[in-house]
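Heads up, there are several structures right after this.
There are two complexes below, and they share chain A, which is joined by chain B in the first and by chain C in the second.
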Partner chain A sequence: MSKLAEVGLPTLENFSVQIKPPALVQLLGVIAIAEPGRVLSAFFAGLHRAACEDRLREVSVDVRHLTFVNSSAIRLFVDWTTWLRNLGPSESYTLRFRTDRRITWQRTSFSVLQTLAPNAIVIDAE
Partner chain B sequence: MPQAGPFEHGQNPLPLAQREARTLVRVAWENSENAEYFYGFVSGYAKAVFSFGAAERVILASQELLENALKYSLMMKEITYELSTTMTDICVVVRNATISSRIEMLRAHLARIQENPERTYTSELERSMSPSGRRAMLGLARICHEANMVLRAAVDGANLSISASCRR
Partner chain C sequence: MARALHWASLRLNRRLQTRRGKALQSTTNTISSKPPRPKGPLLVSVCFRPVWAYIDGVREFGRFFCETTFKQPEVAERARVVLQETLENAVKYSSPSDDSRLEIEISSDGAELQISTLSHADPKHLQSLREEIEMLRRFDPEAAFIAAFARAAREPGAPARLGLARMRFETQFELSVSEEGEGNVRLTAVGKL
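Moving on, here comes the complex of A and B:
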């Protein structure tokens, strides 16, 4: 049984998540609340834990329909990148972000994240 | 006449030629508790009024400036938001009262951003990855680097006004 499929989904206005095992997570909507970490940190940590327990080599995160995030929400992706960097080579996996190149925040943020963790992050810009 | 720097003294950073500026939205909150729900309105309004690219910029600047005001405003002091345009430009201004140390920190941060928006953005993201615990100051860097807007600030006593402007 996929641990990723068992991760509890967060409840946040204007934001939704779909998890499609074995390794696809779709984030949709906007994240604009003042402290998104209070609602979403545990969820992102759960995704990371599940990816490790499922021994996935890659997790695909589709953010093409996540049209806006505030700066505090970018921190959620930074945290996920940091957790990945802290894994040993045998347990590590790749985070593949599917982005929309027309959406500015995705273009700027993920390209910088990739430079900070080039071995952990792959960007598919459409 | 010398070029105005990013930080000025006075009530308004005046990024737009005042005579021709048209105020589209002006909102004042008597305290920070009920300002959080503004994002949905600004987002819908900007998408209805501006092109996709301009709307993205207005939404980002509005969100980040307002969030900063909510975080750093003195309790029970008014916060105002204004969105205005001319034939050629768009401007978002947020005003709030804050403490002098915040103003000094902002002065230094704005100088770094104006010098190199991309580098500041990257270094703030890096900072948020480090375990130092110091909170990253990504919002203003995003406005400059991501939205390609010009930031200006003005101080009048404890009142701080920050504007973000760009071509339409």
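Moving on, here comes the complex of A and C:
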């Protein structure tokens, strides 16, 4: 049974998540609340833990329909990248972001995110 | 709602059309301690209590206003980011007193767009804002954003502090911050249309 499929989904107005095992996560909507970490940090940590427990070699995160986020929400992706960097080589996985190059925040933020972990972050810009 | 209306005022100025095409003074500094000169006529002024609940509405109004006025979706998207980050910053750093206000202004001379917020900063947070500005001064917009990401990665659990760096890099707006007496802080962003 996929641990990723068992991750509890967050409840947040204007934002939704779809998890499609074995390794696809789709984020949709807008994240612009005051402290997104309070609502979403545990969810992102759960995704990371599940990816490790499932021994996935790659997790795809489709953010093409995550149309707008505030900078506090960008922090969530920084944290995920940090957790990934802290893994040993045998347990590490690739985080592949599927982005829309027409959406400015995605074009700029994910290219910079990649500088934190060039070997672990892959950006597919469509 | 009545309280919100008490604080809120909105003035739309339609003089933009008459000023289109007029020559501009370019902004060469990125972060300044001087109060910025207005970029053309004032188009929008909104004043409200600095509480988070109003940010979404004001941001989306500003995006809609820019899209409708300038007929450039890309400009509207950049304005949306500037509005989100400047409003968040102003709300976070505002004094929590009942009579504190947050004023946002949008002006343009037809070639550049200026968005500024004026708020009464909580003294506890003013130093943090100054330090952030000093950090930005040391880098170009992309390098500053990379540095802000690296800092956030080094400091898990701390505030993200990505907003101002994100705004500069993502929108290519130039920023200036000035104090306007008695703890009032104006954060101004100027970008090309």
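Here, the second predicted complex is superposed on the first by the 126 of 126 C-alpha atoms of A that agree within 3 Å, B and C clash if a C-alpha of one lies under 4 Å from a C-alpha of the other, contacts with A are read in each partner's own complex, and residues count from 1 in each chain.
Note that in this section a residue touches a chain if its C-beta (ideal position, glycine included) is under 8 Å from a C-beta of that chain, and two chains touch if they have at least 3 such contacts.
Since the structure is predicted, the reported quantities are computational estimates derived from the model, not experimental observations.
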Partners on chain A (chain B, chain C) - clash or fit: clash
Touched partner set for A:75, first chain B, second chain C, both or neither: both
Chain A positions touched by chain B in one structure and by chain C in the second: 32-34, 68, 70-72, 74-75, 78, 81-82, 85, 104-105, 108-109, 112-113, 115-116
Chain C-touching residues of chain A, taken from the complex the two chains share: 32-34, 68, 70-72, 74-75, 78-79, 81-82, 85, 104-105, 108-109, 112-113, 115-116
In the complex, chain B residues that touch chain A: 36, 39-40, 43, 52-53, 56, 59-60, 63-64, 67, 70-71, 121-122, 125-126, 128-129, 136, 138-139, 142, 145-147
Chain A partner contacts - residues on chain C that touch it in the complex: 52, 55-56, 59, 74, 77-78, 80-81, 84-85, 88, 142, 145-146, 149-150, 152-153, 156, 159-160, 162-163, 166, 169-171
Chain B partner contacts - residues on chain A that touch it in the complex: 14, 30, 32-34, 68, 70-72, 74-75, 78, 81-82, 85, 102-105, 108-109, 112-113, 115-116
